[in-house]
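Both complexes below contain chain A, partnered by chain B and then by chain C.
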Partner chain A sequence: MRRPGCWIGVSLVTFVAAVAVAAPALAPQNPYASGVDMLALPSAAHWLGTDDLGRDVLSRVIYGARASLPIGLGGALVATAIGVPIGLIAGTLRGATDVALAALIDLFIALPGLVLALIITVMVGANLRNLILVLGFVMWPPVARLVRGQALALREALFVEAARAMGGKPLWIIWRHIWPGVLPVVAAQFSISVSFAIFTSASLSFLGLGIPPPAADWGGMVRAGYDYLAINPWFSLAPGAAVSLAVMAFYIIGRSFR
Partner chain B sequence: MNGREETVRTSLIGRRHLMMGVTGGVLAAGTARAQSPSRGGTLTVGLSNDANTYDPIFSVQYTERYVLYLAFDTLVKYGPDFSILPELATSWETSADGKRIVFTLQQGVKFQDGTPFDAAAVKWNIDQRLDPAVNSPQRQVLAPIIASVEAIDPRHVAFNLVAPSPVLFSLLGERPGFMVSPEAWKKRGPTFGSQPVGTGAFVLKEWTRGSRVVLERNPNYWQPGLPYLDRIVVQDLAGSIIGVQRLITGEIDYVDQLTPSDILPIERRGDILLKPIKVGRWYFLQWHVNEPPFDNPKLRQAFAHAIDRDRLNEITMRGQGTVSNGPTPRGLWWYDPDLKFYPHDPARAKALLAEAGHPNGFEYVLSTPQVTVFQQINQLLQEQLGAVGIKLTLQPVAASEWYARVVSGATNLTPTRWTQRADPDGLLYILFDSEGFANTMKYRNDQVDALLGRARTVYDMAERKKLYAEAQQQIVNDLPMVPLIFGAEYAAMRDAVHGFEWIPDEIPRFRGLWKTAA
Partner chain C sequence: MLRLIVRRILLMLAIALAVSALLFFTVTRLLGSPAEMMLGQDASPLAIARLNAQYGFDRPAVIQYLHWLGGALTGDLGRSYTTQQSVAAAIAARVPVTLELSLWSVALAVTAAVVSNTIPAMRRPLQGVVTAVNLVGITVPNFMLGVSLIFILSVKLNLLPSTGWVPWSNGIGAHLRHMIMPVLTLSAYYFGAFSIVYRAEYQAVIQRPFIQVARAKGLGEWRVAFRHAAPNAILPVITFVGISIGQLTGGAVVTETIFSMPGMGRLFVSSIESRDFPVMLAVGMLIVVGVVFANLLADIGYGIVNPQIRDPS
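So, the complex of A and B:
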């Protein structure tokens, strides 16, 4: 935690997390209850107006944090769980294993994440668990490449050479000497992965492949509200701002490690 | 005002002539207005166009007819109340046994390639559609009705029918009635779909898929004085809502398929005209009525009582649609005001659900095509049915895959919508007869089959009306679907556009429009 920006990120993340946890207490209305005052502009009763089914936009944005945070964190966890071991093994072992794994990483990096996520989501269907797995699967290659680079550098370090000279097995060396060295980078990348996952899941929702309605889902709301921008712009802009806020919060944290 | 009354009277006469089998020789004059039409100009239409072909023999997509009604003429045409009016056929006579109809054709009509339109061309057109080798999608509708077509002389063509069929006239006003130039069709082969040749008021000049269709005035059109416009351009849109913005800026002159929410930004603008459709699309919730769980009538009744259709209309249509008790909306002659339906009664729904064997609630998947109005309806259904213990999970289905899944039976519980057809048989038979090709509910009631079967062979309108009333009440009692609402829909156009009038099939006819200079 070297830069002051980090604290901005941490406080924003804490804010979003608190909103998610306390959603039932914070939301002024039931986010799923329809009403006959559709697409109303902000008023005392509805601070951000209502959506196409007369539901309270503010309440839905608040509840949306409950969908986006688990997807972001879950996706990043899956990406880390796949990417880190592959990166460590490739970077430490080198040789044919490295060539093969590096080729695999490059292959996946060459595919645009959103397109890959789209294709897989269409095949497996959209729900919370599938979205987490799909996003994790799309995001592991950058993690693996980063970790591999770090491991490649570390394995040449004197203390690692010493450990090898003492007859240390590769797994033990990775666990005791390399992993602690790459940990800060992994942590930084984790945070950036969270922001990417939230952003990508919002994009998927926008394309109709997010968590199915009536769930309050930011990307889905941006899409639904897009048709009514001329009537109640908050229906689309408010969840859009929420996505930006969450993405920025995690991104700031990630960047401040470097 | 005068003009409108005149049109209505004309069409009533047209219908009476048809029903009595008397020669109907009334030529429909275009809606007369105080202002007289002016010539020239380009009409730019915005449309989410999913056309695959402009060959009427193979046309399937809804939007294809926007262009087909310009490049082609039909044998008969529809009035604004679905009455049958003369077009390429000026009059017709039905034989005493009702099995032979002789059409007298308009004289001096030429196809756009200069070949004559005559009885032989009519015969060729219908024969193509009936020929199994050609494999026209219209064959399944026409084959059970038409035994043969015979060109008596160049001006007279006879349709010999399998049984008396009042339905034939309505069919000849839509796809099966579009008259294709036989010469051009043979010469152009598979490219005919992109270079169609008919007798229509406009000639298709250019079709760039995903971009635009350009049609130009047919200088040799057979109806004197028509058309008024020089060009019609059908511009592709990524959605009607974008069309609204482009209409405001004046980039396009016309856009339709607008919902009551879509029109909010243009409702009060003096430079844009809104034309509400009078007879809206029918929305209903359907299921497989012949297999568990929906073969249980109590469960179906529980759904019917749980759904608040007034609120559906209030929210999805801003109250501008109408609640549907059955398949037919007010305004069509086979509408039955006395049709009874299961009223909204959540307590009764709960009780029925328990009686149906689900005292602790019932769970099911509701297919949700990625179409805004269906997503809205489904979320409201989920809320309303959830209140009585019916828990629905909304399963998104791509709009392009959805109907194919409904037809294949992969989709069970789903909302559906249909536009009205010019004859009651058009919708009621295909949906609710056990042999109906769109009966994806797998509904079968022998009494309904008998009523629908009889009604399609009777020319007497009063008797048909009685038969359809009886059939519709029986269908509604059986609940092969839950009728929901008739939608509200609008066309919006710049105020320079004149002469527009809706036909209840919701396909706009641009042929007779004219523009005042900007």
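So, the complex of A and C:
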């Protein structure tokens, strides 16, 4: 909690999470029920109007939080689970292991994440589990690089040298001495990973590779509503604003810990 | 320096080979029979067998891959399943669009980031504004930015054409008018990202003794900022441009899709939608190799401007 911005981030995340949890109670209508009143402008019955199938846009935006949050958190968890061990091992062991792992990290960091995610998603098929795995797979390199950098600095510290002098085994040193020092950075990066997982998964669904319809999915809604900007702009702009809000919320938290 | 370049080029070739093999084998295994895809599900077994023989789908995957690789090395990337057009020709027509979009965007983003964080008068009163714009640039997804721009500038104000692309030959004015919104959309993220990197470096540079010397000489605040501090703070931005080229291609894919631009990204997305395997493979490969190559260029450029890293010992 170094900067006041953190509180803004925490409140925004709490808000989005609350919306996701309470979606059935909050949504004024059934998000999947189509109606005859298509592409209607905002009214008392439909606060954000309706989409091309006559479904209530506000309800669909509210339910969209239920798709985005699990993907964001899941993707970030997978990225952390892959990136942290690789970074810790590379940074602590040094030598040939570090050279090889650092080359691997550099290679993957240079690869185009979204393009890679597109290719893999089209091959394995888009569903919740696959999307989480794919996002984790394309997002681990920045985590690994950050952790490696921190571990490299920590391993020179006197208390680590003392642990080595006592005859501590590498794994024990990592677990007992390096990991606690790296933890705050991992936590901050986790929040940023969540924001980019939501960002990337929304981009994937905007490109037509998200959770398949009729699920309420923000990126897909922006794409669908984009053809009707002149009729009911909220169909596209409201879910877009929702994605932006969620991404921003997690990003602010992550940044404020740096 | 030469050793660094040779090593990086070898690494690049290895990556290209590995990625192409990986793509080829997984795609052929997972996407199912291309013949069925081309002829539809009701095609007779005879027709499918004939097509398989014609395209060589009945041969072992390794042979198919070597065949593809041999063709790719001689510039023959096969033909599109859907349009029957030569893949190499389709790509050649689209590369300039993507390159132009990306170059404009990086140029705009870097210039705006450097200028807005260097102007002396801006540092205090407007710093909050710049920070807010950075945050928006980094966190608002580019499809949302693009859609918002279209809504405001095209639908509401009717100032700019909403989508499409016009070649240079149809008039420079029309061409540039179609480029404005895509370039703004793609550059927003990079403006934010470059800004953060540049500002941190700038704030470190401005504390250094030579800046005090410049001030003590009586130079104006603007001259100190732009002639003395800025050039020294730009170095990390150069490396960052290299690293973020991978991200840039992803942004270009989305941006070209929003604005229906006939670039590589749009071609890639449409090949995915129609499961057009030769196009998908070739474009995917080209993007990956292009990104790795751009990284190489950035590394070499960084080595030229910063002699310290030429011989890491």
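In this text, the second predicted complex is superposed on the first by the 258 of 258 C-alpha atoms of A that agree within 3 Å, B and C clash if a C-alpha of one lies under 4 Å from a C-alpha of the other, contacts with A are read in each partner's own complex, and residues count from 1 in each chain.
Basically, a residue touches a chain if its C-beta (ideal position, glycine included) is under 8 Å from a C-beta of that chain, and two chains touch if they have at least 3 such contacts.
These numbers were taken from a predicted model, which means no experiment stands behind them.
Enquirer: Would you check which partner chain A:L171 touches, where first means chain B only, second means chain C only, and both and neither mean what they say?
Expert: Neither partner.
Enquirer: Mind working out whether A:L41 is in touch with chain B, chain C, both or neither, as first, second, both or neither?
Expert: After superposing on A, A:L41 lies clear of both chain B and chain C.
Enquirer: So, A:P112: does it touch chain B (first), chain C (second), both, or neither?
Expert: second
Enquirer: Just chain B (first), just chain C (second), both, or neither: which does A:A230 touch?
Expert: It touches chain B and chain C both.
Enquirer: Pick one for A:A126: touches chain B only (first), chain C only (second), both, or neither.
Expert: first
Enquirer: More residues of chain A are touched by which partner: chain B or chain C?
Expert: C
Enquirer: Have a look at where A:G208 lands relative to chain B and chain C in the superposition and call it first, second, both or neither.
Expert: both
Enquirer: Which of the two partners, first being chain B and second being chain C, lies in contact with A:M248: first, second, both, or neither?
Expert: second
Enquirer: Using the superposition on chain A described above, determine whether A:L53 touches chain B (first), chain C (second), both, or neither.
Expert: After superposition on chain A, A:L53 lies in contact with chain B alone.
Enquirer: Would you mind listing the overlap between the chain B footprint and the chain C footprint on chain A?
Expert: Shared contact residues on chain A (touching chain B in one complex, chain C in the other): 122, 208-209, 230.
Enquirer: For the complex, which residues does chain C have touching chain A?
Expert: Chain C reaches chain A through residues 11, 15, 23, 26-27, 30-31, 135, 138-144, 147-148, 150-151, 155, 243, 245-247, 249-251, 253-254, 257-258, 268-269, 272-273, 275, 280, 284, 287-288, 291-292, 295.
Enquirer: In the complex of these two chains, what residues of chain B are touching chain A?
Expert: 239, 241, 244-245, 261-262, 264-265, 311, 314-315, 318, 368, 370, 372, 375-376, 378-380, 382-383, 393-396, 398
Enquirer: For the complex, which residues does chain A have touching chain B?
Expert: Residues of chain A touching chain B: 32-36, 38-39, 52-54, 122, 126, 208-209, 212-214, 224, 227-228, 230-231.
Enquirer: State the interface residues of chain A toward chain C in the complex, per the touch definition above.
Expert: 103, 107, 109-116, 118-119, 122-124, 195, 199, 202-203, 206-209, 219, 222-223, 226, 229-230, 233, 236-237, 240-241, 243-244, 247-248, 251-252
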